[in-house]
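Take a look at these structures.
What follows is subunit A paired twice: with subunit B in the first complex and subunit C in the second.
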Partner chain A sequence: MVAAVSVPSQAQTVLRGRLCDPAFVHSALRSSPDTNYSKLKYLVASSVSEACNNSVLLLGPRGCGKAAVVDMVLDDLRKEHPDAISVIRLNGMLHNDDNCAMKEIARQLCLEHQLSFSKMASSDDNTEFMIDMLQECGLAHKTILFVLEEFDLFAQGKQRLLYSLLDAMQSLTSQAVVIGVSCRLDADQLLEKRVRSRFSHRKLLFISPSLDDIQWLVEHLLILAKDSGLPANFRAVSYMDMESGFPSIESFLKALSSMQRQPKMDSLQDLSILELYILVCMHRLEDKEQSSYNFTSIMKEYRSIQDAYKTSDKYASTVCFRAFEHLLDRELISFGDNRGRNQALEYRPVKLLISSRELAQSLKLNTTCPVVLQKLFDRERYM
Partner chain B sequence: MSQPVTPRRATRSSVADPASPTSPSGSRPKSTPRRQPVPTAAAKEEEGEHERSTIDVLLEALPGRRAQATDLLRLLAPAPALPLLLHGGATTGKTRALLLALRHVRPRPLRVAYAALRSLPSPRALFASLLTQLSPPSSSSASSRLRIPDKPSDFVAALRDALAGLSAQGEAVYLVFDNLEVVRSWDKGGQLLALLLRLYDLLWFPQVVLVYVSSATPDAYYSMTGSIEPNHIYFPDYTVDEVRDILMRGHPNPKLYSSFLSVALKPLFRVTRRVDELVAALEPLFRRYCEPLGDLKAVPDESIKRRLFEHIQPHLAVALNETFSVPTRTSVDECKDRSSGGKARSKSQFGSGDGLPTELEFHMSVSAKYLLLSAFLASRNPATLDAALFDSTGGSDNHRRKRKSSQASMNMKDTMAEEMLLKGPGTFPLERLLAIFQCITSVSEDYLGDVECPDSMMNGNGMTGLMSDVLLQLSTLCNSNFLSKSGSCPLEGSARYRSNIDEDLALKVARSVGFPLSKYIYRR
Partner chain C sequence: MDLAATPSRSKSKPRSSPAKPVAAPAESRMDLCTPSKPTPRRKSKSTASPAPMSPATRSTVRHSRRLLETPTKAAPEVQVKATPTPTSRGKRAAPSPKTPAQREPKRQKRHPRKRAYYWKVVYDGGEFEVGDDVYVKRREAAESDAEDPEEEECRVCFRTGGGVMVECDACLGGFHLRCVRPPLRRVPEGDWACPYCEVERAGKVAERPRPPEGKRIKRTAREKLLSSDLWAARIESLWREPDGTFWAKVRWYIIPEETAAGRQPHNLRRELYRTNDLGDIEMETILRHCSVMSPKDFRDANDGDDVFYCEYEYDIHWHNFKRLVDIDDELETKEDPNDKPYNAGDDYNSDTDEDSEYDEEEESTSSFSARRNQSHGLAANSRKGRIYGLQKIGIRKIPEHVRCHQKTELEKAKATLLLATLPKSLPCRDKEMEEISIFVKDAICNDQCLGRCLYIHGVPGTGKTMSALAVMRRLRSEFDSGTLRPYCFIEINGLKLASPENIYKVVYEQLSGHRVGWKKALHYLTEHFSGGTKIGKQANQPIILLIDELDLLLTRNQSVLYNILDWPTKPNSNLVVIGIANTMDLPEKLLPRISSRMGIQRLCFGPYSYRQLQEIITSRLKGIDAFEEQAIEFASRKVAAMSGDARRALEICRRAAEFADYRVKQSRQSAQSTASANKGDGVVCMGDIEAAIQEVFQAPHIQVMKNCPKFGKVILVALVHELYKSGLGEVMFDKLATTVSSWCHANRELVPGYDTLVKICCKLGESKIILCEEGSKHKLQKLQLNYPSDDVTFALKESPDLPWLSKYL
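Coming up: the complex of A and B.
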């Protein structure tokens, strides 16, 4: 067999693929009993076989595998009952408009059942079509599964879609299961009264995996490597040492440090001396309990500092204003009024977006910072 | 005198297009349809060497970006890859580094679609741009068939179709979103931003790699809904040494330029660290620096260096206080007379103040200048002071008696001064402006009478000559943003104006007409 690429790069590709694929990550849960996976499977399978309607919400923070579990359940059911299921998938982010959602439902129904879909159909037509299809499928003993991702976004506005869907399920002949997936734990509280009454209050809560679970998951993922159970991440695998073919501890540590950066501290390190002066002046003004100040008051403070200490950093007003605009671009300061009056930029009130602790730390870390600046910053506390 | 050569800055499109270096700037990076032959076992060592030389080539083109370049190469390829976010300040080389890395990444990507969000006006334009770049080249003639979606859901569906049509062999497709922070200011920008950041989940396509470039820090993109957090690469600003290396590249006379930079770079670096602003400031300075030298190719020794340093010193002080240097007519004339008179003239330019230019740099008509001054006074002084300042003789009151002010009135004056600083210039109605204008011009009538003017309007009845086009001048000043119209007074309904100029400019204007402005300005 001709080795097309070297073994480490092959391994790296495989690992990267595994880490990027959420289905693989959570497929380990398939085997263990009494998980949300098995509960959901039991629920859906029973409603399919018993020809009844049902609705369930999957709630949990991001990355807990809710969508992966739904996918796994659907795959299993498709294998077991190939003809009895048709799936409609909606996403709250894309289809948050009710008309849009109805159109998408109609389109997917047409696609599933090889009907031609007319784009000119109105929203009422689509709703009627959906109700008719539900009836027909019910008579033919086919269950329609609605998967609503980002369920909380559907619950904004008038909730027309949810109401019509859940209402249609109340009729005797329809067979449908509504699976809602949301990352807001109070998604069912967002429903209106009439919608909530038609909703069977089944909720499956997903929690973030504990440390043991994570460790087991990591071993399941990185079956090629020997490591000591630090949380795996994509970055560490990418840094994998190509010669040895194993992700080493160094690569994990490096990845960890690059993930834990503090962006504001980084921005503060990148400032020029004049910009630091402006920040220190703003800080002094805030310490003097001035409730609102603008660029002209900052300039006044700056001039008074320059007169008092006679440093070499005295610059003209236009140059200081350019530095001020740089600080605005970096989002270390911002205007206090929201497009208030149509005022010149020099007169709009500004405020600091960094804390004094961050400023103090950055002044210490800055090697080229003049000593007088440090003194100014410290002294104001004792004034 | 030849211009010093600064290293050519490659624009994004010229860097990004590997096929034709002379392609028009409007085009986006094209696909690389060649596929790499499957390397055999014998070519393994070659591949290792190739990778090393790839990194070297990349590092050569990106000075001071070693860590970021290696990060990029490792995280971008091979597919599948999690989304990537490059962030850093302005002009730190993010886009350039990314596009260069995409050219050198192995295996070669099938297609790179680049969306420059700063030049796209609306979401629909963004959808159109991406879909046209991803459509197969054979159908480019039938592009009219491509319907541009309006809604995000249609866009995601169209994107899925386009990607499915493209990548059959499992090669990677890269989608680059540049300047992501401008999406926040679009209409319904928040939704679109959330959509773009979740595109990885929505597309279900393992071979697509999403790359975002942004000048805002990642905390600007944390939203309540959350998403797969992309990998971050941070591009810090360049340090002094790195800037020096960048500027020295490709310069024909490195020794001369390095001696110049050792003098000029550090002070300018204290003001700003952005490379583009430094380059703009250093170019004219270098021209001045080389003036005493006859031969630009000379290698300076210590004595020459000292001489050049003394020559550049005053200009450096001026340059530190400027943001733009617009060559005016006076400075151009000065350059011509440099050989002949030189020092005295330069001293007169830098004479007053602490090196700031004191001449008005643009031309205005006399009536416009007076109108501007009256607007400045009207904004600056409270209305109650007008009667005292402008009495019937039109003269300033030199007999203002200084009363002993009590503590309370001093405090009140302090707070009023603070308020003036905070609120900015005040508004005034048109009648007050015209009244002050009339007073001021009546004062200066005597001066005007002495001026020799060929203009027939400006004799004896100088006043009517000035008054006739006052309203025209007013609208001109409004259009040039020296005055601005603010809301009308609720009681009377007449328009109110506000002056936008600061005291320095007003003093310059006053000096140019010989008007004693400082006597009229209200100070606390």
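Coming up: the complex of A and C.
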């Protein structure tokens, strides 16, 4: 019995390990010659072995495995040419400023070659150091690989960093590869024309995998091979005990709904009655094609409703204002424009951030919702 | 002045001269560290027997084949003179007890109190010059120095002379053509191994012919060197001690066996490594000349036994290798040609220089030891530390793939198409280069160099900088041959300056060698050019200032440009400015007082036409059969139509070659058995060029749109629809979402919630297919299409998963 429990949990561990390891996710790509992996590998490996410079841009939406492919290629190259490669990684988010990026390059170069690094060096010094290093490394048959993530963010300002990197590639002694990674498809159009002319315009496009590909990939991930180091009776055990051995379709559904939340709908669920009143008032105002309204006009509407229907939900305006603020905090409503920041909150124009359909749905789902409110909403709609 | 011969680290060296930190620190470190692998080089006590090099005659054999010429002249008379002078290496100015009285140098000096340096010394009948490579004796009692055979014996008949000999590439033994079995008629092409080596290679034991009884095999100097009985070294400087002995500072060569890595399989038989180890030796120990050549020269040189191959430098402290740089065309420009005779006439001069050298070395000694204690002071990326830090970088073993790789045609083509490779000639820019060179020459030759300025403009990749630098190189060689006055050349790139004002700093540093703040530098420079106190020694030399990317020097009040362009107009400034930029109308955009100083002489580099591009590419690819003729034409026509950028054309061709290479390698991998790669496979064809052009010019958005998720496609189509309906440039998300939901409803798709739609919109916005505001605006955000709506229509007209979508387009 102990073995039966431990085997599914063991399997779970294996699967979790696989899912969290990008190298394994993409390892299926290694075999085929048409994948971006083998193209990039060829590109970088040939520039390492033929001692030439290169620059390449990896484009594609997020989550298509650009960085994972780069990592895999770098790992492979480190294995093949153990001494001849040093990798400099920069991220456009972190090293937005040219000087700071230069410093980071110098720091990583120093780290890589066990040199001492000074934080005090000026950016001129750092630039010069980089160019000297490029030459020295080129003379020693070492390739420096620059990986620039969020490449589009480097293409701001004067683009001094890109210019000096790409210009250094034009000298015979340097031996470097610049790999830019970006999710902006027009990243190469952002370059200034003299920088663009120096860029080699190699582009690898990563596109989001199609349904078949995903299916294949998931199969590759989730199906455990017989010889995966698990005891041989694993399959038998899991056949016997379906619930604990295999992830069932319900668990997938559960996972999906926990992944794809609808934040606005969720926050609509647990609103108080008063807050719902305010939302319905705002909706009525919008239906009357009143384009701009603020708290006071909402209050007017609220009062008129209360007067007409005499419900028990009549509150003082300070209480209503508190509820209004709460709605603002939950971002179910927002200010219409950015002007008038110094105005009091009551007088700033506001807008609804949810659609009428969502509102209707939440009113229906809310069991404590008074019938009047539902009616008010419906009447407005279908009158 | 005199020390110009030694690569001492002088402070006055301008930044641009990369005459290299490789040599300099090595020297300054020479006598302070004990190399972890001590390589004792003892002086030989015994004789010197210098003999003039036998003049080798050219023959026509290619590659590593070397004809062992039997010299036709009579053997040179060998003087044997014993003058034991034991000294310890590494100590400078070591007193040598005995003065060899019989040496008679050509340039005798009267006051032998100080050291006197020479360019050239005639010693024992041999002429030694700075920069020569020589054999140096190593052993105490070298077995028989008297016999230093100039000619090699045949390995079969053990006689010298008598016909053409051929060298085995494996054992380096010499063979008469007639002695080889079967006899050879001619010197064979390509690599040749003697029959014995062939047998050994096959794994059998070969019996080499024994020498006749009683006769000892005389070993040539080359053999002795390769079995480490001799040293080879390069003379770095020559001087005479006060007591009359002649000394030389030499840079040692090392044979592969003596390196830490040992002999590697890819080492050539005649390969040597240059070390960064220098030593002082007496001229006594120098045997005679040999020649150590770079790979290129080695390939061309055919004959003589004393030829060696040297491609790498070996660092004796770190035990690693580094390629040698070609610094031929980047020597310092500042040298005065009058230095050439290098006759140390005045003792005073050499004395001071020497002292200063000592000072510097001591300084570096102390700073080096300081570095060991606290690594803080001299970080590698700060200015002073670089000299020490970069020493370490090198490779432990020369990687095999670099040496043993036979390049295919395609790989050769890729190499020559690199932007980095400097072509032998620059086609299509003769007229412009002529103009630049006339301009510069005018400036140099005119006595009161009329301050002028040349503005070069043209779109990127039309060879502006390259032509200017080529002109300067040509002038440099003219200057070397002595037909031109000395001048000073400073090259600055506007984009590599941290700020425009830094240009003063850089110029001043190049002129004087000192680093000051830019305000101070501006002050000094203004004084220099307006005829006040001059900077540096060569105050009156014309200065040529080449500023690349001139437009980057624009500041708000344009004072930097004004100052720089104002200096040439000053009398006696001796300054010429060449500015390079992209825009044609830069002078017009500037203040009138600047444009009047700059816009007078202009030179336009137009975009290349397709014929020119074709010529550029074919001239680079000369002798390499890798491209189809039409392919080149197609590429150049395409580029000329778009931009006329030579860089672009070269890159497209290189990319196409990469495609072809990739294809060839993949096919070889997949079908090892059917490896008979047909001839047409290894050639870049139209398809490759087409693919490369596609990659360069085509934006990838259509492909991405085609592979969007389902709702992404719906959103895009809805966006196009809404934009078309409203005729405005942008759409509110609210409206878009209603359209999408109603469409989905009508076509029985799952109706997405607003939150999902916002998420997808943000994703599309991230890859800039649409432009949208930040997601927190949710329903209120405005959306715009970043590409023409026709592209969307084209991309999504047929989408298999959403067949109903096309009716809304």
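The rule is simple: the second predicted complex is superposed on the first by the 353 of 383 C-alpha atoms of A that agree within 3 Å, B and C clash if a C-alpha of one lies under 4 Å from a C-alpha of the other, contacts with A are read in each partner's own complex, and residues count from 1 in each chain.
Following the convention adopted for this analysis, a residue touches a chain if its C-beta (ideal position, glycine included) is under 8 Å from a C-beta of that chain, and two chains touch if they have at least 3 such contacts.
What you see is a predicted model, and the numbers here were worked out from it, not measured in a lab.
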item	value
Subunit B versus subunit C as contact partner of A:K264, first or second or both or neither	both
Touched partner set for A:E331, first subunit B, second subunit C, both or neither	both
Touched partner set for A:A51, first subunit B, second subunit C, both or neither	second
First, second, both or neither for A:S272, with subunit B first and subunit C second	first
First (subunit B), second (subunit C), both or neither touched by A:R62	both
Touching partner for A:T173 - first (subunit B), second (subunit C), both, neither	second
Subunit B versus subunit C as contact partner of A:C183, first or second or both or neither	both
Which of subunit B and subunit C A:S116 touches, first, second, both or neither	second
Partner with the higher number of touched subunit A residues, subunit C or subunit B	C
Those residues of subunit A which subunit B touches in one complex and subunit C touches in the other	61-62, 183, 261, 263-264, 331
In the complex, subunit A residues that touch subunit B	2-6, 9, 12-13, 16-17, 19-21, 61-63, 67, 91, 93-95, 97, 100, 104, 150, 183, 234-235, 238-239, 258-259, 261, 263-264, 266-267, 269-274, 292-294, 296-297, 300, 313-319, 322-323, 326, 329-331, 341-344, 346-347, 349, 368
Sites on subunit C touched by subunit A in the complex	21, 320-325, 375-376, 378-383, 385-386, 389-390, 392-399, 401-402, 405, 411, 414-415, 418-422, 459-461, 493, 495-498, 502, 549, 552, 582, 645, 647-648, 651, 654-655, 658, 661-662, 665-666, 669-670, 695-696, 699-701, 703-704, 707-709, 734, 737, 741, 753-756, 763, 766-769, 776-780, 786, 801
Touching residues (chain side subunit B, partner subunit A) in the complex	38-41, 44, 47, 71, 74-75, 78, 80-82, 87, 89-90, 151-153, 156, 191, 194-195, 198, 201-202, 206, 215-220, 225-228, 231-232, 234, 236-237, 269-274, 277, 320-323, 354, 356, 418, 421-424, 484, 486, 500, 502, 504
Interface residues, subunit A side, partner subunit C - complex	33, 39, 42-43, 46, 49-53, 59-62, 81, 83-84, 99, 106-107, 109-110, 113-118, 120-129, 132-133, 135-142, 158, 160, 163-164, 167, 169-174, 183-186, 189, 193-194, 196-198, 200-203, 205, 207-208, 210-211, 260-265, 331, 334, 336, 351-355, 357-358
